[in-house]
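Look at the two complexes coming up: chain A is in both, with chain B in one and chain C in the other.
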Partner chain A sequence: MKNEKVEKKYIPEIPAKEIDELKSTIQASSEKIMAENIERMKKTDPKRPQAMKYFDEISNLFGQRQRELAAEKEKGKKIIGYMCLFAPTELILAADAIPVRVNSGWYDTSKIGDRVVPVEVCPVIRSTIGAKMIGLSPFLEQSDALISVLTCDGMTKLGEILSDYKTIWEMNIPRVKDAPHSLRFWDDEIINMKKQIEQFTGNKITRKSLKAAIEQSQKATRVFRRLQDLRKGNPIIMGRDAMLVNQAYLWDDKERWTEKASALCDELEKRAERKDWVCPPDTPRVLVTGTPMFWPDSWKVPNLVEEADPKGIIVADELCSGERILNDPVGVDEWTMDDMLNAIGERYLMASTCPCFTSSDGNEDRINWLLNKVKESNVQGVIYYVTRGCMLYAMEYTRVKKALDKINIPMYYLDTEYTREDVGQMKTRVEAFLEMLTARADM
Partner chain B sequence: MITLGLDIGTQRVKAVILKDGAVVSRGQAFSGFDAKKAAEEAVAQALNLANLNRQDIAYSVATGSSMENAPKTDSTVSMMGADAKAGVFFFPKARTIIDIGAEEARAIKCDEKGVMMDFVINERCAAGAGAFIESMARALEVKLEVMGPLSLKAERASPINASCVIFGESDVVSLIHRQESKPEIARAVFDAMADRISSMVHRLGVNPDVVLIGGVAKDVGFFASLKRKLGVEILVPEFPDYAGALGAALAAASRAKETQK
Partner chain C sequence: MAWEYIGDILRLTVLGGLGAAGILTVLLWKKNLATKITFLRLVVQAVAFTALFYVFSLKLPLLYFFIFIFAITLFLGRFYCGWLCPFGFVMDIEVMLRKALGIRYRILPERFNGILHKLRYVIVAVFLALPIALWFLQPPQNLNFADAMAKLLAGPFRPYTALIDPLIPVVVPWTSNAVNVAHINFTYPYVQDIIFWAGQNIGEAIALVFIGLTLASSFVFRRFWCRFCPTGVSLAVVNRFKGFKWAPLLHIEKDEEKCTKCGVCKRVCPAQVTEVYEQKGGKINTSMCMLCLRCAEMCPYAETLKVNIGNKTVFKSRNWLEPPKVE
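Let's turn to the complex of A and B:
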């Protein structure tokens, strides 16, 4: 593990007193924001499922889960953090270590990150750097090593900058998926990562332990898909609630998450039988896509959509902080070590719709995924969410817009920053968009 | 049936009274610090002109960037929704509506019924809107109303930066130092604005007929620059600054009919 005293390549010196002050102020305001978000979600659905109580609690980033991870570390378990969804969590689980995603959704820490990188850089990156500088994120602090996958420019340099504090393992991802040597190259990265994790944890990844880890994530995917299927019909759960459930998987215990999400689905099925809709069935159905939205501050857009007048409901998303987490299972034919590793490689590379990919047809997978989702979930409008500096999503907008124009689905480009100051202006836009969806539906 | 539309803008509040599909009167007041009071004033003006009482209004709708400060109305409509309705009311063949107010510029694509199909708004900066002309007029030491006619006298255009009011102003100052003529600088201001607006409209698609509304539509200098940049005919209705309020009054009329059903 890295000694934090070593001379830093990027991070400027900050007096310990200033760090303490910043950390306690931001943590206090973050605790307030998390509680407020949950109150707002409860208010939107007065008959909110009982099973949400668990997810409300586990989503307290400074709460129960932090204490559990501390206890696991005490027992000698390693915690392996990651920034991109491409990190093969099954390998981490199979080595009896704990995977946890560490991207920051805190607005206030992005201003601290500004001391290291300019404001033109994507705020997800600036905020994660800022969070590390003041030690705000329990999961990032508890991580013994970080997997940094070289996807967008921001992510590529984020790992490098965080190497001032943490042991970083890079994974080099090919940008063109459909070339035959790409998958071979990525498979080698997976095999290397397996060795790296084994060496670091001192635990060998066996055929048996890897099979168990894959089966666990397959179970989680099945429950996730059950939840998504429930969202396809008349509105049975607010989008924000489902999004919080999805995102909690990133830091929760995987087995327990699967159990609790399954209980939520049971409850929702009963609710559907009673036809007890969470909002009128003609509420405009919205899909959100673009820059990831991390809990808690980046709940801005979901809050706006589902509290707007006229109100909308988010029925699906195409976000790496949402549906992409669990949408695709690892598909294994034969449970040999080679076959399992290949299946993991394929799952992480081929199934992803991240805009870091291109091909002679561009990022065709993302377009197809979106078109399919719009049809399946009966989506009436798409919000294309981009934070300033999020180049890849910004650049793919025009193509997605054209594809959706063809099937007559309106899409609105909603650009923003890690700030609360633009909520008023964004509200105007979101409400006009929802009003338009309502008017179009009436035609 | 008599309906009322209120547009609570950043600079002015506008009111329009509509009777059976025709405008009967208008009223306006400066928003100032108390938009609610200004709105009451604008409504009183319009009622007075039309010889009507508040009780005669069957339905009222508010719109505008400060609509939450409006006095109590029956409902609200988005600014873009109101623009689309007004544009098609003025010109039935209108499919692209451009609305430029004091601090915001927007473009709306609509169908033949005046239903908004798509929209874009300028990026959180007044550089593409009326406030830009105002601050440039200050830098040139001329009256706001003079800017337009002045610019039409220019023989050529000088480029300035309109990505930001602050940078724009410093560009204007350096043009003044280079002793460019006032007409040329005024033209540069409108060209820069029109450049921004036209790329915004192009993102939406330029579908004729194109209609320009909002307070800035009255400015002959901006109208000429935008027409040059977009390369299409641009229609401007009478009283373009009341378009938002009219759209709200039209929305009020159709909502009143719905509630009567």
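Let's turn to the complex of A and C:
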């Protein structure tokens, strides 16, 4: 823990009274929004799977999971937060610490973040800063250290700004990932991170514990893939429900998540046998890609798509808050320490489709992923969601558009802000797009 | 004599190997492990090893093996190297031993690996040119074709049959190729030649160093020998030319869109083949690949890597997190 008296490089002084006020109002409104979101999800799908009940509970950021983490902390376990998916969670698990992702999805805190960084900055970053300033996010508050991976510009500086409060470990990620020396460099970063985690937690990462951690995350990946495979067929689960399940992995206990998600898959499989579809199979199938959508406030677009008239269903996504979380398993050849570390390095760096990468072919991986997803999930339209200030996703739009044009899949660029004011306007836009998809399907 | 006992022990080891091959085969049928390529390969290798042991006991001319390897390589690429070669089997057993000890392999620098691969062609060229050189050094007395051929192929110089020496890294007590090192009938690739050319005393010493080096290096580097093995010069080279596009029939095919370039295929390859990873898609075209199919087995994305014979897919990568479905 950093000494609070150290002079803050970025964060302005805010009176404690104001902080308390802001925190209590935003927390109260946030709890309301989470409940409302779940209510809306229930309304869209009246016979929601039984197993979703658990995820509804765990998705309350101020509820059960917060208390559990506090209890674990009491027992002496360390909690290590991370901002990007590139943080090697297997290493954290192997050191008997708890990984949680701490990016914020609160709209209101982005306005507090404005006091530190200008409004042009990506709202995810501003919101996370704002959440930290008023101490809103329970996971961010509870984490003992943060892993900041220098991916996009926002993330790079976010780590620096948060170092006013927390111990930050920076991981330098190479931007051109297909060069052999990039991988060597990243492997060194992974080894370094292992040392740092070991030192910090006081637990040695052994061959056995790392193997157990990798196997645990492989199990989670297996269930995760099962769920995504179920979404490929006729609509069996609403996109929002699946997205919530996916995202819950970021803060939930990994073993318990695996168990509960597996139960959900079992239930869905039974429904698929009965041909008990969640909405008519001719509902327009939509894929969302772009800026990550974080629970609870950033649920705007999924809500709009699945509550629109005509209704759409999100069958796949290419979001780092969604299907990218667990899509790739750690493929270990020989279970030696070095090989496991290299396998972890490769899994995080090479398989990722984050737009912060480029190569001789540009970020071709992402295009291939999208084309493959569109074909596999039988997607009829793509929504390209970008928040203002999210440069990398915005700049890749043209290339993705061209690639999708080639296979005759319409794509819609939906730009927005961390605000609720444009919901009405966006509703019209989304509905027009869905109407177009329905018309295309009828043709 | 103690040496004779050791010889007996070695022979018993081989017999034990045969027994193990049988057990592995039974396991294969019982436990439905056929979907696990690594296991299947082990069984095929053990069976091939046994078969070879038997065939050697028939004292067939080595030329038949030469023709067999040539034919199988023309049609199946280096399938022979990955699945049948007994020397490869020995190296794979070394790998198992290394894994059991928890030691990790080392990786050869990519450039050096490339040089080794080119060295193969030089070695083969030297072997093929040897008879011509010998012809001039010791001109045959009479120009009887059969005599000349016998001298070139089966004589003490045996330039052509030396090409398939990696067939004999086993204790074959009754073959004429056996070398008696320390009273054990011992066969190891090229040992016979080393002793022939360098003389009995120095030859034995060099041979021991050679055996030690090759065994140690293939313990440290996976399939070290295969990277410059003259026997494994693949006819995949041939299919670079028009008119030979059909050969070899067995090949790996990659689906570009499904690949996320996670790099698993590159890391697990025992011969450090990079083409599977680097090539964008389509038929993988390299003579370095031994078709051990480890990449297709380890690829975590379903149907990204396919193993085709002609146009028929015999194996494809699958989501190995799920247990194989029993059909």
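Assorted remarks:
In this section, the second predicted complex is superposed on the first by the 443 of 443 C-alpha atoms of A that agree within 3 Å, B and C clash if a C-alpha of one lies under 4 Å from a C-alpha of the other, contacts with A are read in each partner's own complex, and residues count from 1 in each chain.
The definition used in the following text is that contacts are C-beta pairs under 8 Å (C-beta built on N, C-alpha and C of every residue); 3 or more make two chains touch, one makes a residue touch a chain.
Keep in mind it's a predicted model, so treat the numbers as computed, not measured.
Three-chain overlay on chain A, with chain B and chain C fitting side by side and no clash. Legend: residue contacts after superposition of the two complexes on their common chain; A:353 is shown touching chain C, with no touch to chain B.
Applying the stated contact rule after C-alpha superposition, one finds that A:365 touches chain C and leaves chain B untouched.
Rounded to the nearest 10, the angle made at the CA centre of chain A by the CA centres of chain B and chain C in the overlaid structures is 120 degrees. Looking at the shared chain after the overlay, A:338 reaches chain C, while chain B stays out of its contact range.
Once the two complexes are overlaid on the shared chain, A:78 sits clear of chain B and of chain C alike.
Once chain A of one complex is fitted onto chain A of the other, the partner contacts of A:178 are limited to chain C, with no touch recorded for chain B. Within the superposed three-chain arrangement, the count of touched residues of chain A is higher for C, of the candidates chain B and chain C.
The minimum CA-CA separation between chain B and chain C in the overlaid arrangement is 25 Å, rounded to the whole angstrom.
For the contact definition in use here, the chain B contact set and the chain C contact set of chain A share no residue.
Those residues of chain C that touch chain A in the shared complex are 99, 102-105, 110, 256-264, 267-268, 298, 300, 319, 321-322. The residues of chain A lying in touch with chain C in their complex are 178, 180, 183, 207, 218-219, 221-222, 225-226, 328-329, 331, 333-334, 336-339, 342-343, 346-347, 350-351, 353, 365, 368-369, 371-372, 375.
Interface residues of chain B facing chain A in the complex, by the touch rule stated above, are 65, 76-81, 113, 115-121, 123-124.
Residue ranges of chain A in contact with chain B, taken from their complex: 309, 410, 412-413, 415, 422, 425, 428-429, 431-433, 435-436, 439-440, 443.
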